[in-house]
Amino acid sequence: MPATIPKHPEVNMMNPSIPLPPAPAEHDKTMRKSDPSTGHGDTQPAIEVAGFDAWYGDFHALKNMNMVIPEKRITAFIGPSGCGKSTFLRWINRMNDLVPSARAAGTLKLHGQDLLDSSTDVVELRRHVGMVFQKPNPFPKNIYDNVAFGPRLHLRMSRVELDQVVEQSLRSAALWDEVKDRLKSPALSLSGGQQQRLCIARAIAVGPSVLLMDEPCSALDPRSTAAIEDLMAQLRNDYTIAIVTHNMQQASRASDYSAFMYQGELIEFGDTEQVFTMPRNEQTQNYITGRFG
Amino acid sequence: MNELASHPPSARSGRFLKDHLFVAVCLLAAGLCIAVLGVLLASIITQGIEHLDTHLLMNPPSRKPEKAGIYPAMIGTIYICLVCAVSAIPLGVGTAILLEEFKPRQKTLARLHGFVQLNITNLAGVPSVVYGILGMTAFVEVFKVMGSPGDPVWTLGTPENWYYLQLPFGRGVLAGGLTLMLVVLPIIIISSQEALRAVPNSLRQGALALGATRLQMVWGTTLPAAVPGIMTGTILAMSRAIGEAAPILIIAGVVYITFTPEHLMDDFTAMPLQIYDWASRPQESFHQVAASGIMVLMAILLTFNAAAVMIRQKFQR
Amino acid sequence: MTAINPQPAVSLPRGRPKSKILRRVRESCIMAGLIGCGVFSIATTLTIIVILSVEALRFFRLDEVSFWGFISGTKWSPLLGAEKHFGVWPLICGTLLVTAVAMAVALPLGLITAIWLSEYAKPKVRAVIKPVLEVLAGIPTVVFGFFALTVITPGLRWLHEGFGVYNAASAGLAVAVMCLPIVTSLAEDALRAVPRSLREGAFGLGATRFEVAVKVVTPAALSGIVAAFLLAIARAVGETMIVALAAGASPSLTLDPRSEVQPMTGYMVQIFLGDASNYGAEYYSSYAVAATLFLMTLLLTLIGHRVRVRYRQVYE
């Protein structure tokens, strides 16, 4: 048990805004049924959040968040719209730098590196933290150039190497078999689900260790959603994945840990199985049972 | 029955009468637009058809209307528009990128950004004849600090060389083209800005999320996606440049030129100037030549506009 | 920069990393170029202002000219006669007269066409009208000048004998035709920007199409429409070739559109066409006239900008 994930959550019911980081490992022996090999006991912290606040102008979007997102696991963020889950995600790769009024304070560390520090090179940061957006956003280029876009930015490589990167990335995104014969056709000719997987491949090709997914399936049909979820299951062995979702089933199906957020506060964070079957907080209970949100 | 039905029908029909009357007025207005265009084209064609032949296209102007041609003016127009395009497109697209893709967050810089934007709006409203005066002072005379056009302080080659350059530029092709550049620059900037603004933000975010710098994002995704829009705007701006007469009139004057320019400093005339020259003469027969010249000019402009429309439609997806 | 150094999850061929120093140098150069572009646009404005004010000042310093005489004088005769007069009002009057004629035609006609295109016209009709307007917008002004000279003037003289060979009305009508597409397309853009929900709300209250168009949509788009009008006025004030060909060359303080006038732009063309010696008072007077013209269009642009910013309705 690594020291960075403190033991035993004692959620203060009087003040749910400051939940202590839970210890998901507690539950793994009894709760995890699908993947006994995971061995939750050996998780390393990937992203550490402590006393984290964020604002848009005067709007206090995130209030005093404290949590540790473990490495090589899928962490789902759930909660009603406007609760700040996307905002949080967009701070991890500093996409909020694009919003003029956005600012943040507190500790947000990726593998020990403070992300809010002014010395952090956001361009370098985004190489290590890939992002998949709500709506598939392939560039209006062909499939190959879409995947090769990132490597071409950062690396000098031969044609053969680049071909390998593109092929491996597309394989990792479970798209290779569908597109290998038409790599030069426009990315926008793919279906919505394929486009989203292309965006995942594009993110993988840069060689990130963390993947942020901002409601990646909300614009997709159920079949494509299933394909993306399968893909996530394959990727979880290699990547730290943080996914924001509106879809309760998706969170319970696909994630290892779940964080419930409400009005900018992290209400509950713990093992997915636990959050969904015996939430410690009443608000969580109400939300997942569909009483609000 | 109920209250709705109890309204007197006349009130209703009165309101609808207004509606119908308004439609009639609108139709009249729209019909007038079409009629004006029709009369304009018809009058020019009837006056100009007689002189429209290869003789007109291949020969220099003449004192006799039946022998007059527009060849040197056509070549002159091509030269100044080339100079204009080469200088205006990079400057215009560059300014548009600066204004659209590098909006500063810092307050003072943001204010400066707003000032540059307002300045562009203002430049777009400056009458072209004022740009003519600016070009006269800044390019023809170079603020009178470099000697006079007849006695240049610096030359490259001699007037026999095709690469002949001098400072100040004098009333030549280069000064004319650069002045046109000033006229069309705001148009290119504004249309390029609109093209860049139309690129969805998701593409920008996609590129940044892959670790692209701002410039890599612009070069790799935003600019390629905006190219059709930029091209359409640029072509329309160039067609404005082809037809623009006032600033060129100030730079070049109406001169009787029977040769084509041989270098960038050479005297020139342009099609709108030649047409103005013919149209301002009292003789009816020169008006007919002017109409023929207008037909040539309009044919070129329509080709440009058609190209712009085709590009727009091809990429409108 | 402190390194973020987790191992990439999947081992992909890594190639050699691109030099960051090289990238930074290259990007700094490009950024400098882009900033240079922005500076160029400001430099253009500054140069216009400096040139116009320096040369206009030189003009006012001349013996035969006084600043007060320029802005209050009612006689402009720089070329003819023993005694030269430099009172700018006849030129301004010519400009305003032509502009007034043009706007009296173009603004109502343009606005009505715009309302019709945006609120009434079926797609098929739009498909006819829009290209017509685009072609009109693409016609060079020298062509409109020729049109005024050879068609509008004879037409007016046929209607009424009082019209001169050169007259303000003819030039004004040609300027109106030139401004029509500008007014129409900009006003239509403003009208179309009004959200559908507003129209639906009014229709839901039992309004007729006319009432929706005139009482709901047009007021909602008013700032855009006013901005379009101001832009059209600025274009009419600065229009050169039409007035140079059709309005004439004798400045006179008159409100009669049938008579010959000389707008400011027409005078500038006359001077630069070489009727005057290059360094006399009449040559420098054109700079003073240009400065007046520049101030007028600048004012119109700034008012238009304010209207757009101040009274813009933002619809989500």
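Here the chain labels run A, B and C in written order, and each chain numbers its own residues starting at 1.
The criterion applied here is as follows: a residue touches a chain if its C-beta (ideal position, glycine included) is under 8 Å from a C-beta of that chain, and two chains touch if they have at least 3 such contacts.
Small disclaimer: the values here were computed from a predicted structure and weren't measured.
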Most remote chain, CA-based centroid, reference being chain B: A
Result of counting contacting C-beta pairs for A-C and B-C, higher pair: B-C
Separation of mean Cα positions, chain C and chain A [Å, integer]: 52
Intercentroid distance (Cα basis), chain C paired with chain B, Å: 14
Residues of chain A engaged with two or more neighbouring chains: 124-125, 153-154
Residue numbers of chain B (touch at least two other chains): 213
Of all residues in chain A, those that touch chain C in their complex: 46, 110-111, 113, 117, 119-121, 124-125, 128, 151, 153-158, 161-162, 164-165, 168-169, 172, 204-205, 207-210, 238-239
Complex contact set, residues of chain C against chain A: 1-10, 12-18
In the complex with chain B, residue positions of chain C that touch it: 23, 27, 30-31, 33-38, 40-42, 44-45, 47-48, 51-52, 55, 109, 112-113, 115-117, 120-121, 125, 128-129, 132-136, 138-143, 145-147, 149-151, 177, 180, 184, 208-211, 213-214, 231, 234-235, 237-241, 244-245, 265, 268-269, 272-274, 286-287, 290, 293-294, 297-298, 300-302, 304-305
Chain A-facing residues of chain B, complex: 103, 105, 200, 202-213, 216, 220-221, 224-225
Footprint of chain C on chain B - complex, ascending: 15-16, 18-19, 22-23, 25-27, 29-30, 32-34, 36-37, 39-40, 43-44, 47, 91, 94-95, 97-99, 102, 115-116, 118-130, 132-134, 136-138, 182, 185-186, 189, 213, 215, 236, 239, 242-246, 249-250, 253-254, 272, 275-276, 279-280, 287, 290-291, 294, 297-298, 301-302, 305
